[in-house]
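Once you've had a glance at the structure underneath, I'll fire off some questions.
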Amino acid sequence: MRFVYFARVREAVGMDCEERDVPVTVHTVQDCLDWLRQCDGRYAAAFAEPARLRYALDQQMVTADTPLDGYGELAIFPPVTGG
Amino acid sequence: MRFVYFARVREAVGMDCEERDVPVTVHTVQDCLDWLRQCDGRYAAAFAEPARLRYALDQQMVTADTPLDGYGELAIFPPVTGG
Amino acid sequence: MKQVAVTAEPISTAMALDPLEHLGGGALASFTGIARADCGVVALELEHYPGMTEQNLNALVDEAMARWTLLGCVVIHRVGKIAVGEQVVVVATAAHHRAEALDACAFLIDRLKTDAAFWKKEHRTDGSALWVEAKSTDDARAEKWSL
Amino acid sequence: MKQVAVTAEPISTAMALDPLEHLGGGALASFTGIARADCGVVALELEHYPGMTEQNLNALVDEAMARWTLLGCVVIHRVGKIAVGEQVVVVATAAHHRAEALDACAFLIDRLKTDAAFWKKEHRTDGSALWVEAKSTDDARAEKWSL
């Protein structure tokens, strides 16, 4: 799976994007967050406040309980602030 | 008193403006309209539909029952259509 | 900053927006009215009441600046003969925040339609010319802004 | 006519209004967002999600064109480093009548703030830089447009 990060999340994780093989126990966006948090303290810090996180699978906004099946890219970022 | 006319009213009366001495019996805007209607058929035609007339005394919008006292210019015109 | 103008020369949206751009606000809004080729119309002719029209426009700008926190308002209205496709009126506002700029801009054009001493005649391809009648929909939209 | 652009080059209101001016409509509306010098801010930095952002903007324009009778919509958003006083976003609409142009323009900027994948960082005179937090007032304004 390709992971992409933006804004505050990107800075906290320390990279724009990465490719990772996701364990078979990881089914949803929420599972991904939990798994990454355990991988490294940087993810734990970046994902510390779930209320301030938003997710997109293949560039479509999704909720944390969405299954990853069939998607290639998970984006994790704060609420948008354009305009 | 100076009378000024705009748009459809101006074309029906046949002039932009005129100076007229107003008879002592003429007290209000309405009295003016009635008096002018009797002076000439052009005014009767121009002022035929009071619902489609608006009035200003010294460039302030007024209603037909407003007294002329102290004012120098009466404007008679249709509802505005700018913009 | 406020500016009101009635002119027989061609006008443009930029004429209204340019003086508002560097007032330090975060939001600009504009409305531009253009002469439309409705039902064979080839040109408009805009008449106004010199002196009163400018007073009307200044009163509208003052009311907008009293109702909303604005950094500036510009209203420019063209008069005389206006060909189809040319601009008739431009309204622009500047504010710190977008709600103020957008609302004040809509207020100014809605109320200009019912409150400012302009009259519009349509010249058609067949040589005829007709004064435009006031619209009840304009009255209704202007009424929405009453306090 | 619709046009959506995300660009790192300077933008201007005219870039959005020019393509709308000669579509035959009687009404143009525009909104321009400018980087403000709030509390020592010297520049903004706008990040976006290439691909998704353009999809978001196109979806907003499509929704506007489905809700209102419009002749055209243009949305141009700048990204990268933006100095105070420079334009961040321009939205413009063209319609036959003013209500459509004004409402669609307000809709587009209100919903862009909550629906398009942009993130804003403020750079300050003291060298610090802070990501801007999403505002509940923006959510409330966007919510007003839900059907």
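Going in written order, the chains are labelled A, B, C and D, and every chain counts its residues from 1.
In this text, a contact is a pair of C-beta atoms (placed from the backbone, for glycine too) under 8 Å apart; a residue touches a chain by one contact, two chains touch by 3 or more.
By chain, with names taken from UniProt: A, B = Molybdopterin synthase sulfur carrier subunit; C, D = Molybdopterin synthase catalytic subunit.
Bear in mind the structure is a predicted one, so any value in this text is a computation, not a measurement.
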Touching subunit A and also subunit D, the following chains: none
Longest centre-to-centre distance from subunit C, chain (CA-based): A
Geometric centre distance via CA averages, subunit C-subunit A, whole Å: 49
Distance from the mean Cα position of subunit B to that of subunit A, given in whole angstrom: 74
Chain centre separation (subunit B, subunit C; CA means) in Å: 26
Per-residue multi-chain contacts in subunit B, two or more chains: none
Multi-chain contact sites of subunit C, meaning residues that touch two or more partners: 33, 98, 109
Listing of all chain pairs that touch each other, if any do: A-D, B-C, C-D
Interface residues, subunit C side, partner subunit D - complex: 13-14, 17, 21-22, 24-37, 85, 96, 98-99, 101-102, 105-106, 109-110, 141
Subunit D to subunit A touching residues, read off their complex: 33, 46-49, 51-52, 55, 77, 88-89, 109, 112-121, 131-135
Subunit A to subunit D touching residues, read off their complex: 4, 6-8, 10, 56, 59, 75, 77-83
